[in-house]
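The following blocks contain the structures, represented as structure tokens.
What follows is chain A paired twice: with chain B in the first complex and chain C in the second.
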Partner chain A sequence: MRKPFEMVLRGLSSLWLSTSLLIMLGILTWLGTLEQVDYGLYEVQKKYFESFFLVHQAGPIAIPLPGANLVLCVLAVNLLLGGMIRLRHGKSTIGVFVTHIGIAILLVSSAVKLYMSDDGYVRLNESEQANWFQSYYDWELVIARETESGERVEFLVPQEDLQRAVGPRSVTFSSPELPLDVEVAYYHDHCRPMPKGPAFDVAVPVVEGAFLKSLPRQKEAGENSAGLYATVVEGDGSRTEGILWGFGSHPWTVEVDGVTWILDLRRERYELPFTIELADFRKEEHPRMSMAKAFESDVSVIEGESSRPLTISMNEPLRDRGYVMYQSSWGPQDARPGDSLYSVFSVVRNPADQYPLYACIVIATGLLLHFLRKLTFHVRAEARMA
Partner chain B sequence: MKLQRRMSLALALPVLAGLAGLAAPAAAQESNVRTAPWPEAVIEAAERLAVQDGGRVKPLYTYASFTLLRLHGKRSIKTLHDERLTPVEWLLDTLFFPAASSEYALFLVQNSEVIDAIGLSIEGKKRRDRYSFNELRPGLARLFQLANEYSALEEKDRTPVQQQVWILASNVDAFSRLITHMDFARLPIPLRGGELLTGIFDGRSSIRFVDVLANVGRLRELYEELAPGHGEEAPVGDAADFHGLSQLLSAASELTNGTESLALVPPAASREETEAWLSPSDLFLMGFQEGEIDPAHTSLLGSLDEIARNRNDPAGMRDSFETLLAAQTALAEARGELGKVGLELGYYKAKLIDRSLYAFVLAFLLTAFMWLRPKNRLLYWSTNGVVGVATLLVSVAIVVRCVIRGRPPVSTLYETVLFVTATGAMVALFVEAIGKRRIALSAAAILGTIGLFVANGYELLDKRDTMPSLVAVLDTNFWLATHVTSITLGYSAGMLAALLGSVYLLAKLVGWHAGDRAFYSSLGRMVYGVLCFGLIFSVVGTILGGIWANDSWGRFWGWDPKENGALLIVLSQLVILHGRMAGLLREHGVCMAAAFGGTIIAFSWWGVNLLGVGLHSYGFTSGIHTALWTYYTIQWGIVGLGAVAWLRERARSRAAVMSAVADVELGSTHDLHRGGTTA
Partner chain C sequence: MLGATTTQRLRLQKPGNVASPQGASSVHWDTPPGWTELPPSSLRQANFRVAGRDDAECYLTLLAGDGGGVVANVNRWRKQMSLAPLDDTEVAALPRATLLSNEGALIDVEGEWVGMGGDASEQGWRLVGIAAAGSGQGAFLKMVGPADAIAAERDAFLALAASMHSAASHGGGGETAHEPSATPARRTSGLTWTAPPGWQQAPDRAMREVTFKMGADGETAECYVAVLGGEGGGVLPNINRWRSQLGADALSDADAEELDRLPMLGVEGIVVDAAGSFEGMAGERYEEALLFGAVCLLPDRSVFVKLVGPSATVGPEREAFIAFCQSLEYEQGSQ
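Presenting the complex of A and B:
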């Protein structure tokens, strides 16, 4: 029994496996880089770098490959067993050991980022506030009403649940707190509502003369606009059909038992532990050029009664309680001098935000220790030979 | 009355044909040609003049140099009389003798199909040739029409000919702005009007633009006095005055139209108040809007006016240039803007990069002699000295550029080449100092020569100022100093390792130092050592890049092509080190992998820029396909030849083993026959 276990352990910790995994990761990185020209970053990232298996199409030949996720997982095991536990510990390997610890920190940070972080953006006009940010890519269905005191009560359906509503197969969403059920069908990742003309037929339902035309996914994932067919089923069984489209300008409203319910398909939203208000956005250009020299936003971080003013600029984000806000864009791009501008902030909640910095310090220390030792030996060897 | 700034190039293209046509009468009226070479004093003063261009203040020398390079593909041009002009002399000709300059074969056309496309004859011309403005003039309308059509296409979607058409149109546009730039100083403005208007100019019938500028306040007052109010049709007062004033202002506006490309006038206000320098057009617009103009500005424009009038009077011209330079210097120094202009002029005049290249080429030749006479110590130390001087020159050039720009050593693609060359040569010299085997010294000479040829080639290809302003995200000296410098050091070490590995493989192939185990062992150790050095900087640089991305864009790693390129370098170097430790790669294998690694570095350094995707759009470049694929092919060829050498060596050692075994067996048989024992 011990022998097979030892063989597996030896295999998993072997340098042969490390070399193979590094080559495999290199191949995936190379393929994923070239594929971005045709398929865009988002699709390539999902296919090559966030997957466990994939099929790469090299012309007419389909080549099955392990995804970068799988390769990195095995590499982490290999690193732990071979580079840290089974490594012969001593003066000669201390640099290698330290370096491997640094790489382990880096791998942990990427796992934390992949599985435990949220990222998105918030767009603010001057004097506008927000205590949430929204996803770049993911959608959610919101069913909401306003209470008499003016508060908004929301029920949310995340994108992964909506994506189960493939074609005519509807998925019903209900809650004991809701006087209605919502049946969702024909969820599209990217579509556009179109008027139904008499000269053609469509394979999807037509609601009030319109239907959702499915479109191929865009190279830039942020340009995809999801859409779905929703049916509101009231307690008495009466049904109202509607179309929800992500890029639509107005939500759909339905009256149930005298209460107005709002149904909207919007980007998934995440709450912030504070409110952010944009006071002023400034864009500076190089003299006599249209090239941007600097962007910066004066904002206030508001918590209860207190308000803290600060400036967010390129390379100078706001860090607060695990959330980081970056100056990422502005608009409108065709604004004339004197026009009011809006500022766009990328927002990230990443518990491992600073891990790469620690990893970098540890790795650099390890490599320096190892290679300075090697250099000393090399100099001595050359001196002997001379 | 409509006084507006000129449109940007993209918008202006449809009207450029008109502009070029406008240049024709101006040029035609200008019958004077330069009768003597430009006086040294004038050239020196012109070179020291400052201009704001590309978002920064730079010497006119730099502006002229890169403008001529962009239009002509070279930094010198011949007149019709075979006089070779420097960039500043050409610019002076273009500004003050536009008719003559329009005859110079200035515009480099890479493909004669462009000339066909605009309906001109290419008879007597080569496929790649140069054309004068006057030769192109009949086809300009068609040229701008086509360029306007192609401007709707993204650059990557244009055919090579379409791209060439677009480039030619841009160049002709730039030139047409230059030949009309001094119209305000060359051409008189006829003055017609009533007493109110002519009274301002002492009853003269013809005035100059500087007169308009000097009296802009009074003209503004007169305009306000005479202009019809809202809802009124007829002008107030004398209609002749109003119409004369309108014509005068239109003429002044027309004469300064297009002068925005050359901003020679520092504002009177501080840099904090306004950064942008002024052109004659700006001065006129500003003066008329504000009703006054700074006397220093009028004086500066007056000097330009005098230069234009004295263009064939060397003494007058020299005095006017000195006055102009003094006026500009006073204004710019008050704003603290001339600090780096002299240094930049000195940098270009010293030709540090060219001199370094010559030294590296000399070192390369000395290297060849050194290998022919390996025991000659003088030759060895001379080569060391020349490589050292060459490395020092390029290093000084990098330091001076840092001072001029106020930036760390690397912030553009051009600077990566200089930095890789300098640091690669330094590392090679360090390795040579350890082993003194002449190999690293030779590698330094080769790397330096190739590196600086590439730098010059890139400059000629890109044809733009190599010290440009940076986009907002790059405006951080901390990350430029740490991430970019580390990554570039990684490139440098990787390229040196690839070169040393290639030397190892080719040496094995041709049987150089055959049987000298110590030679190959030392070379193999050099490759390994340089790879280790490179790995430190590649790993640290890549992670620092992620940390920078985290600070700028909110994510450590985004699988962007440039990031992936950096990762590929790290992975390739890790593969070599792990493969070596695993016994999968020995000395020969490490050298083959290092030689192959050169292509991975080239892909990351230049190749991903050609993909045209990703966030690192400030690093995009084009036109380097051929050079890149040439390098890939050479390196892959060397790796292939290395494989052949390895197979041959293996076959030889097998044969040797078989022969030894056969000898042993034969010996045994012989012993048996001799009747010996088998023990």
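Presenting the complex of A and C:
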């Protein structure tokens, strides 16, 4: 009984397995890079690097492969067993042991990043402030109303729930706090609204002369504009149909019992633990060109009554409680001299933001210990021979 | 903004007044009760869904000059209803109606609707239209759909026609609809292009943004750009209509997926080619003809570019055709 267990243990901790896994990571990186040409970064990242299994299509041949997620999980086990548990512990291997701890921290940081981080952006005009940022890719359905005091009450439906509304199969969203149900059908990852004429038929409902035309997903995932058909069902059973489109200009409003309800399909929003206000945006252009050489934003980080001024520039992000805010863009790109500009900040919430730095320090320390020991042996051996 | 209409929310409506081809005067009207205004397009200055019916529509088209003339347009409508054409005398004998201060012919026919591309087939449809031309402008108001729907809305159609007026003619100032501007009609859509070397721009034609001729006499090929609202009847039907003009087989949806893509007008256009025999609009016939076409779907309109003519002339123009398609641009604010 003990023997098979030992065999499994030996296999999982073997150097052969480490090498195979590293080669597999190399293959996945190579295939993913090739496929990125046709499908874009976002899709490839999901398929090759955030998955446990995938099928790579090599022409007519379908090749099942482990995803990088699975490979890294097995590599973590291999590292734990081979590099840390089964390693002969002693002075001679302390450098190797510490190095493996550093690699383990690196793997943990990537797992935390994958499962616990959010990234997106916030766009601010001068004097504008926000305490949220929004996703580049994901959508959410918001059902909202404004209270008498002007406060906005929102009920949110995340994208993964909306994606269950495939074709005419509707999904109903309700809440005890809502006087209405919302049925969602024909969710499209990428679509555009079109006016319906009599000269052609469509396979989707037509609402007030318009329908949603499904489109193939774009290579640049941020360019996909989701859409859906929503039906507001009131308590008395009356139904109001509408189309929501992610790139629409205004939300859909429905009156229910004298209250105006707002339905909108928007990019998923994440809260910031502080409010950021753009005070000033500056850009420096290359001589005789309209191409920006450098740009930076003076902002205020507001928390309660306190306000902290600082500057976010291209290589000087704001770091605060696991949030990193980078100066990423500006606009409008066709602005003329004197036009008001807005500033765009990329925002990443990653609890493991600094883990790679710690991992590098630990790995460097381990390697230093190991090489110093080797150097000491070498010097002593040389001295003995002399 | 709260309370926006579906058209506004979904960005289906272009801002601003409805312009005539001259681009100066605006047309106003009283929308009949129960009708829904749809977004205008480059060829539909007013566009309606009739009485809540998805299968019935009504629209106004204003064209520079006489827009091809009343007789030609009446017969074009009759052809869409699978009816034989009328001669000048018969058209002159049709009931008269006034549209935008021009007197024209009122057509009211029933038949099989085959659509503008001839590829539809709807039995028992009815078309009511007014074709009026004069004072440098052709005005065409047409309502088409199932006979029962059209019969019920015929009076509403006539009321709509009577209510139509240009703002200028009601004291709005500026140019009136009767004074054609020097601005060419093809510019109203805001489409611009760069003509390849050797392409000669031909006189303006109705339904076309621009027409070019190329090649020696007797071997002349033609390239033109047309812009239609929405999908313009669909990509595949148009591609197959082009191919059928050369006797080429129709493509399936799967075949169409394999067609080349071409970046143009900020989106991916679809490029199609066909070879076969071709009979031109003027009756010229080429046994060895070649067609290059490009279809580009924009959010509110479709752009069609077609180059057709004898193989010897068209073949060497492929690169020029691609360059021409890629040179197409909409002036800022025109989309």
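Everything that follows uses one rule, which is that the second predicted complex is superposed on the first by the 359 of 386 C-alpha atoms of A that agree within 3 Å, B and C clash if a C-alpha of one lies under 4 Å from a C-alpha of the other, contacts with A are read in each partner's own complex, and residues count from 1 in each chain.
The criterion applied here is as follows: a residue touches a chain if its C-beta (ideal position, glycine included) is under 8 Å from a C-beta of that chain, and two chains touch if they have at least 3 such contacts.
These figures come from a predicted structure and were not determined experimentally.
Peer 1: Just to be sure I read the superposition right, which of the two partners does A:346 touch: chain B = first, chain C = second, or both, or neither?
Peer 2: Touch partner of A:346: chain B, not chain C.
Peer 1: A:192 contacts which: chain B (first), chain C (second), both, neither?
Peer 2: Second partner only.
Peer 1: State whether A:41 touches chain B only (first), chain C only (second), both chains, or neither.
Peer 2: first
Peer 1: Counting only touches as set out at the top, which of chain B and chain C does A:242 meet: first, second, both, neither?
Peer 2: The answer is second: A:242 touches chain C but not chain B.
Peer 1: Report the partner of chain A that touches more of its residues: chain B or chain C.
Peer 2: When the residues of chain A touched by each partner are counted, B comes out ahead.
Peer 1: One more residue to check, A:262. First (chain B), second (chain C), both or neither?
Peer 2: second
Peer 1: Scan A:253 for contacts with chain B and chain C and give back first, second, both or neither.
Peer 2: second
Peer 1: Looking at the overlay, does A:18 come into contact with chain B only (first), chain C only (second), both, or neither?
Peer 2: After superposition on chain A, A:18 lies in contact with chain B alone.
Peer 1: Please indicate which partner A:206 is in contact with in the superposed arrangement: first for chain B, second for chain C, both, or neither.
Peer 2: Touch partner of A:206: chain C, not chain B.
Peer 1: Just to be sure I follow: which residues of chain A are touched by chain B in one complex and then by chain C in the other one?
Peer 2: On chain A, no residue contacts both chain B in one structure and chain C in the other.
Peer 1: Using the touch definition up top, name the residues of chain C that touch chain A in the complex.
Peer 2: Contacts found on chain C: 1-12, 36, 38-39, 47, 49, 54-57, 115-116, 120, 144-145, 229-231, 233-234, 237, 299-300.
Peer 1: Across the complex, what residues on chain A touch chain B?
Peer 2: 14-16, 18-19, 22-23, 25-26, 29-30, 32-34, 36-37, 40-41, 44-45, 48-49, 106, 109-110, 113, 119, 286-295, 314-317, 324, 326, 328, 346-348, 353, 356-357, 359-360, 363-364, 367-368, 370-371, 374-375, 378-379, 381-382, 385-386
Peer 1: Mind listing the chain A positions that touch chain C in their complex?
Peer 2: My answer: residues 192-200, 206-210, 213, 242-243, 245, 247-253, 260, 262.
Peer 1: Within their complex, state which residues of chain B touch chain A.
Peer 2: Touching chain A from chain B are residues 8, 52-56, 260, 263, 275-277, 434-436, 469, 471-473, 475-476, 479, 518, 522, 525, 529, 532-533, 535-536, 539-540, 543-544, 546-548, 550-561, 564-565, 567-568, 571-572, 574-575, 578-579, 581-582, 584, 608, 611-614.
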